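Shown below is the structure under consideration.
A, B and C label the chains in the order they appear, each numbered from 1.
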Amino acid sequence: MSADQDLNRGGIVNAILESYSERGELAHLEGGDAPSRQAIWEIVEDLLRIVFPGFLDSSLPHAEEIRHWTAERVSSVERRLAAEIRRALRLSKDPSVDVEEGSRRAWDAAQLLLQAIPSVRDQIAKDIDAAFEGDPAATSVEEIILAYPGLQAIAVQRLAHILYLAEVSLVPRVMTEYAHSRTGIDIHPGAMIGSRFFIDHGTGVVIGETSRIGNDVKIYQGVTLGARSFPKDAEGQIVKGIKRHPNIEDQVTIYSGATILGNITIGAGSVIGGNVWLTSGVPPGTKIMIRPAQKMRFENHTDE
Amino acid sequence: MSADQDLNRGGIVNAILESYSERGELAHLEGGDAPSRQAIWEIVEDLLRIVFPGFLDSSLPHAEEIRHWTAERVSSVERRLAAEIRRALRLSKDPSVDVEEGSRRAWDAAQLLLQAIPSVRDQIAKDIDAAFEGDPAATSVEEIILAYPGLQAIAVQRLAHILYLAEVSLVPRVMTEYAHSRTGIDIHPGAMIGSRFFIDHGTGVVIGETSRIGNDVKIYQGVTLGARSFPKDAEGQIVKGIKRHPNIEDQVTIYSGATILGNITIGAGSVIGGNVWLTSGVPPGTKIMIRPAQKMRFENHTDE
Amino acid sequence: MSADQDLNRGGIVNAILESYSERGELAHLEGGDAPSRQAIWEIVEDLLRIVFPGFLDSSLPHAEEIRHWTAERVSSVERRLAAEIRRALRLSKDPSVDVEEGSRRAWDAAQLLLQAIPSVRDQIAKDIDAAFEGDPAATSVEEIILAYPGLQAIAVQRLAHILYLAEVSLVPRVMTEYAHSRTGIDIHPGAMIGSRFFIDHGTGVVIGETSRIGNDVKIYQGVTLGARSFPKDAEGQIVKGIKRHPNIEDQVTIYSGATILGNITIGAGSVIGGNVWLTSGVPPGTKIMIRPAQKMRFENHTDE
C-alpha cells in the first residue's frame, strides 16, 4: 500500500460522509432511531425456537429445564421486540405519540404477539396435518417441521400477521422478509389465511397484502396471488391501501406457476392448473387447465 | 416496563408451557431425541468444505496442513452426523432396534457417506465440466465452484442420496433443504441423477423423490419434475412410496419454467421448451415448444 | 465407536487425500491462492453497511461516531477486497502480471469500488423512488431498504458492476451470487442497468451478462432475460463473450414469469404480460399478453 492509496482513502471517506448528509434518507445515524433488519431477523429466529422447542437448536432443552428456558426466551424476545417496534413507531412520526406512550404501545404489541403463541401453535399443528395428508413424500411430523419451507413461511406469516393487525408498521414486513429470504416464499403480513394451509416446495410463491385465503387451500411453487392494476389519484400517484388481491375460497388447489391477479374470487373446491394466467373470478367447483395439445409442436430432433 | 407487564409475562410463559404439553408433536423436550436442523446444516457445510477444500473458508488450509485438517474434519463430521442419524432412527421408533444396534447403524451410515466422498468428487468434477461446456458466461472451474448455485445443490443431493439409499430417515431431507434454502433448488434426496448434470441459474427448480435423470441432462431455472396425481387407499389416505415422477433420458435439455408431471419418460435427446406443461411422455429426439404466435396480441401502447 | 470404525476412518482420510491429488481442480491447497466465497460474502455485507449506514446492524452508529465508524469500515473493506481481487488475478494466470503489479492493480480496483459508493448511493436513491411509486404496498423509504429484496439485489449488482467494468475476474460474480442466494434474484454483474430500476418480489428473476436495461424499467418475479442459442466454434465449443441477451428500452414493464431470450430489443414503453415467451423484438409501445380464453377449459369439479 502506497502513500497515494492512503491519501485516496481519506478522500473516499470524506466523499461517503458527504453522501450520508446529502442522501440522508438512506442513512440512519441519530443513535438507534431505525429498526434493524438484523435485530428483527434474530427475533424471528427466537420466536420460531419458542414455537418449535427443541427442533431448531443444536442443543436441545431438557424437560426439566423447559420452564426456565421458555421464561428466558420470552423475556428476551419481549424486550428486543418492544425496542424494534418503538423504533418503527418513532419513524412513522405520529406527532400525537409521546415517548412514554410510544414505549407503552410497543410493550403492549410485543406482549400481544407472545400471548398469541399458543393459538398460533394450534394453527400450525393443523397446517402440519394438511402437509402430511397432502404430500406423498412426507413421512413424519418431524420431517415437515425440519424440512418443509412452506411450513416455516406460514408460521412466520401467522406471527407477523398479529403485529400487522395491531397496526405496527415496518416490523411485520421485515419479519416475513426473513422467511422470503430463506424459503423463496413471499407472503405479505397483511394476507388473511384460513386453517390447514399447505404450500409445497414453495420457491417463487407470492401472496399479496389484501389476499384472503379460506380453509384447506393447497398451493404449489411459483404461484402468484397478485394485484392487477393500481388506480392512481388526481396527482398521478398510486392509491395505497385498496383491496386489490384475490379471494381464494375453501378447498381450492393451485398448481405450480399459476398467476391469479386482482380482487377476484376463486370459488370453493376449484382447481387452477399449472401456468394458468387468471384475471377474472370463477364459480365454485371450476377446473382450469392449459390444454397441452395446443401448446406443442413435435418435430424430429436433429443435432445442430 | 410496568408491574402489569411483568404479571402478563408470567401468564404468557405458563400458557406457552401448557401449549407444549397439549401440542407435544411440535415440541421435542426429552433431552436430545430429535435431529436438529441447525446441527445438520452445519454438518452439510463441513461436508462441502471437505469436498471443495480451500474454496469455502475465509482462511485456507496450507498444503502441509492438509492431512491434519482433513482428519480433524472427517472425525468431527463422523461423530456429529452419527449423532443426528441416531436421533432420526430413534424417532422412527422401530422397536426391533435397541440402543446399541441403533448406535452401530448410525456410525456405519456416517462412515458410508464419508467413504463415498472421493467418488462423489469424481461425479462433481464431471458436473463442473458440463457447466463449463454448457454456459457461455462460465470462465473458469473456480467460478463454477464459487458462484454456480446449481453445482452446490447437486453436490449436496449427491451426498444426501447416499444416506437415502442407506434408508436413513429425515437426515437426508434436511440436508437437501439446506441447499434449497440457499439456492432455491429443491432436489429430493431420493432422485436418481446421472453423470454430467447441469442446472443453470436454478431458482425454482423442483425435482421429486422418484425422478430418474440420465446423463448429460441440462435444466434451467423454474423447471419442475413433479407428481401428477396421488392415488388414495381405501381410507382416503394418499398412498406413499409409489413411483410418480418423470424419467428423463440422456442428453435432454429442459428450458426455464417447463413443468413435467407424472411417471412418464422424456426420450433421449429431446428438447423441452420454456413454460411447456407436459403430462405425457415423448419419444427420443422430440422437440416441444410453445408456439409464440398463438400466445400474443399486439396493440399500440397508450399511456393510461 | 469400535476399533474397526477407527481403522475405517484412517482409510477414509487417505482416500480423500488421494482424491485431492487426483482431482486437484476441486481443491485449493497452496496457501491462499483462491478467492474465498465466505470472505467475499462478508465483504458484500460490509459494503451494504457502508451504503445503508444504520439499517443493517443490530447496534447503530451514533452521529458523532460516524466518521470513525466509516473510516474503519472503508479501510477494512479495502484491505480485504484487495486481497480477494489479488487472489482472483493470480488464478487467471496472466503471465504478464508480476506479484507487485498484481498487488497494485488489486488495490486500485478496490479503491475504485469504494470511490464509486457516493454515486452508487445516488443511483440507489432513485431505485428506491421507483419502488415507492411502483408498489401500492410500500409505505416508506425505510420499508424498501429493510424489506425489498429487489433493492438489495440491485444494490449489490451496481457495486459488482464497477469491478466487472474494471475487468476483475471472479470476484464480481461471487458478489452477485451473494444477492442471488438471499433474494432468488440472479443479475449478472455484466448487465448494464439504467436509472430507477424496480424489481418487485423478485424470486426467480434472471438477468444475463450482456443484457441492457434502460431507465424506468419495472420487472416482476420469475422474469428471465436470457440467451437463446450459443454459437459454437470449429471445435464444437461454445463461443464465449458474444452479445446474446435482450435490450430493454426505457419505461418497459415485464410481468411475472415472462421470458425474453436473445439479443433482441423490447421497444420503449412496451408491456410484456405474465408467462409470455418472447424470442423476437417488438417496436416501442407494444403490449403482449397471453389471451386468457385460449388457455382455459372449464368443467364442473367433482370430488375424486
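Here, a contact is a pair of C-beta atoms (placed from the backbone, for glycine too) under 8 Å apart; a residue touches a chain by one contact, two chains touch by 3 or more.
From a predicted model like this one, the values you see are computed outputs, not experimental measurements.
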- request: With chains as vertices and touches as edges, which is it: line, ring, star, complete or other?
  value: complete
Task: Report same or different for the subunit B and subunit C interface, where same means the shared residue numbers exceed half of all residue numbers found there.
output: different
- request: Rotation angle, subunit A onto subunit C: superpose the C-alpha atoms of these two copies and give the value as a multiple of 5 degrees.
  value: 120
Task: List the centre-to-centre spacing of subunit B and subunit C in whole Å, with centres computed as mean CA coordinates.
output: 23
- prompt: What are the residue numbers in subunit A that touch two or more other chains?
  reply: 184, 203-204, 222, 257, 275, 290, 294
- request: Would you tell me which residues of subunit C are touching subunit A in their complex?
  value: 50-63, 66-67, 70-71, 74-75, 78, 107, 111, 114-115, 117-118, 121-122, 124-125, 128, 133-143, 145-147, 149, 182-184, 201, 203-204, 220-222, 256-257, 273-275, 290, 292, 294-303
Message: Can you tell me which positions in subunit A touch subunit C when the two form their complex?
response: 1-2, 5, 8-9, 11-13, 15-20, 23, 25-40, 42, 91-92, 169-170, 173-174, 176-177, 180-181, 184, 186, 188, 190, 203-204, 206, 208-209, 222, 224, 226-227, 230, 237-242, 244, 257, 259, 261, 269-271, 275-280, 282, 284-291, 294
